[in-house]
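Can you read through this structure? Questions will come right after.
Each chain gets a letter, A, B, C and D, in the order it is written, and its residues are counted from 1.
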Amino acid sequence: MDRSRLEAFSDGVFAVAITLLALNLTVEGPGRVSLQHQLWDHRWSFAAYLLSFFVIGIIWVNHHALIKSIALVDRTLLFLNLVLLLFVVLIPFSTATAAQYLPVGGRGVKVAMVLYSAVFLGMSVGFGSVFEWTLHGDHRTVPLPPQAHWPARLRFVGGSGVYVVAIVISLFDAIIAFILMALTAVYYIVERTPTSPAAEGQRDK
Amino acid sequence: MDRSRLEAFSDGVFAVAITLLALNLTVEGPGRVSLQHQLWDHRWSFAAYLLSFFVIGIIWVNHHALIKSIALVDRTLLFLNLVLLLFVVLIPFSTATAAQYLPVGGRGVKVAMVLYSAVFLGMSVGFGSVFEWTLHGDHRTVPLPPQAHWPARLRFVGGSGVYVVAIVISLFDAIIAFILMALTAVYYIVERTPTSPAAEGQRDK
Amino acid sequence: MDRSRLEAFSDGVFAVAITLLALNLTVEGPGRVSLQHQLWDHRWSFAAYLLSFFVIGIIWVNHHALIKSIALVDRTLLFLNLVLLLFVVLIPFSTATAAQYLPVGGRGVKVAMVLYSAVFLGMSVGFGSVFEWTLHGDHRTVPLPPQAHWPARLRFVGGSGVYVVAIVISLFDAIIAFILMALTAVYYIVERTPTSPAAEGQRDK
Amino acid sequence: MDRSRLEAFSDGVFAVAITLLALNLTVEGPGRVSLQHQLWDHRWSFAAYLLSFFVIGIIWVNHHALIKSIALVDRTLLFLNLVLLLFVVLIPFSTATAAQYLPVGGRGVKVAMVLYSAVFLGMSVGFGSVFEWTLHGDHRTVPLPPQAHWPARLRFVGGSGVYVVAIVISLFDAIIAFILMALTAVYYIVERTPTSPAAEGQRDK
């Protein structure tokens, strides 16, 4: 089956990106500030690490289900998938930037959270474009019935919509934008209601 | 078989995390301190590298056996596995922190070793939760007989228990906590007594 | 099939190299320069990241198609593939160097862009040598007819030729060399005209 | 087949280690020293990168052939393989150290080259122990005839022997030790004489 290298390469990128997140966690050696104070000062780094870890984890779980439904791998799919990965690879950078500015506040943190949300938005749009590609032609092993297209699309638009809202909120209050994205991640982890028969098939097989 | 991407992604994360451990090993260029003195000064870095390498290696070997026994991959399993990986990814950070504070002693090293043990504990609990998930429903290809559940659980509780003890000991003597974890790793590498027929099956096939 | 480890290792190297590109993107914490100014000052870093990401992506897509056509994996192929990967691994370094010198201009940026183009040229020549190897003996599952050899070769020579031209142009104007390589990357992403029946077969199956 | 995760994890570690080698290649931004002088000053870094890249590449090619001959994956094999990987993961560190001290000479470079050779020796001994394991029991799909054991062993002892010699030479002249290891790598890349029927079978299938 030809999907295997698409999956292997994507899994490699997801795995490296999710592991590089923790490279931003560093403390200074013994000296002026005690270790427990340093760890407390880094609480936003840990929070940003946790959120980005699960956002990458969720997109990996969904990527897993989406690629499994694909019958045909062509160059268009490979490049749409690269757009998705382009933003996944940026997540360690946007996470490190958010973690640097979150403890300080002011104008910098608003810019940092716009960047942080925008990278997630890019990833979400990249994922949506791979999904849209699967709806056309003979791209799926089991075609999604036409009446299921819009509910499924809305689901993805919903995901991207949260990040658009987070960008706007970031301009006013970066913390609320962070909490909104964290709650969205929790929702995606706990929700189990399939929105389409195809999604259900993807999920439990 | 659907376990393949779960394995590929997990192997990717294990492989990146285990390789990033060595990124913390650096020496200064020619100058004030001779290279052999620098290497000697870094002896705790090497010891921490060695211990963390084999702890990740052991969990990878056990993950290998555990996932092989799974018949069904669902979203719950994927997210429990992500919790396990969340702590695996933190190991290079906790190892670097321990290596920085071990040569100095004082209060900092106690905090560092509590962090170091706690990350291993989180990994161990994450692994235990994946194992617990396999005991229910039709999740295993060959169900474990009910009378084997508790012995198998105790084995995992035992592993986590060592890390709880190490956290407590760290508050008094960081070196003893380190030695305890090193001896536990050696034990897991050399022991070959299967605790259940299923474990034996996993091991030698 | 024996190609699997060649693919797995190559995919691993491609995935790590493409993800390490973004390690060069870093901003300073809150302080002298506002975050939005820093991001603007880093515009060349983002442009170089984008170009290198898609150059690695394109070579991965083509590698995917090329390896799929191979019937026999021998030591010669493995070492030719290593030469290709040798240059892929250098891309994060040459990208970081280009990003450092592009904002400044002067003689340094010319040297930086010669280096940047030369690493791509090395990658392209490495890819071409793997391709040349597939044309001889019984190396392909479906042999390419002899009259298709030169058109296919010309295609690869064309790719390498662009990088030779970019090296020469870099000595006069680094920005034009950068734009030339960016347009070439866009061309390779959008073009869909197969140059040989075998290439078509590789592409759409 | 059960070898797949052993291969996937090992390939992941090889791929990450080989890519991290190039992380040590960095230049300063525009300023005091021109870029072409910096690149020239880093010539030993490039030489060490090149040698370490091909040493990892060669061990990957041989690992590929060795694991393919294995019928049975047990815990002992997994831990012997981990010992091999333990030293592979140290190569970026030993390479960076050698690259730092090679341009300077003096006592530091001798210690650096002893470290560099010793890490390769550890890798070679780890590989030899995996090979030794395959000679016993029913570990191979096609058992190696007993009269082929010693010629095959000698081949591996030969490889490790070069590194022992390199360690000794390093104490007198680091450059000669480096050249010896480089010539050995070239030899392993170009040699094609199979030493046993089994090795031939591994090589060309």
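List of remarks:
Everything below uses one rule, namely that contacts are C-beta pairs under 8 Å (C-beta built on N, C-alpha and C of every residue); 3 or more make two chains touch, one makes a residue touch a chain.
None of these values were measured; they are calculated from a predicted model.
It takes 90 degrees of rotation, in steps of 5, to superpose the Cα atoms of chain A onto those of chain B. Summarising the inter-chain layout, the chain whose CA centre lies farthest from the centre of chain A is D. Chain C and chain D have Cα centroids separated by 26 Å.
Inter-chain spacing, taken between the CA centroids of chain A and chain D, is 37 Å. Chain contacts: chain C has residues 8, 11-12, 15-16, 20, 23 touching two or more partner chains.
Partner chain B is touched in their complex by these residues of chain D: 2, 4-5, 8-9, 11-13, 15-17, 20, 23, 72, 74-75, 78-79, 82, 85-86, 89-90, 92-93, 96-97, 100-101, 104, 106-108, 111-112, 115. Those residues of chain B whose C-beta lies close enough to touch chain D in the complex are 7-8, 11-12, 14-16, 18-23, 25-27, 29-30, 34-36, 39, 50, 53-54, 57, 60-61, 64, 68, 189, 192, 203-205.
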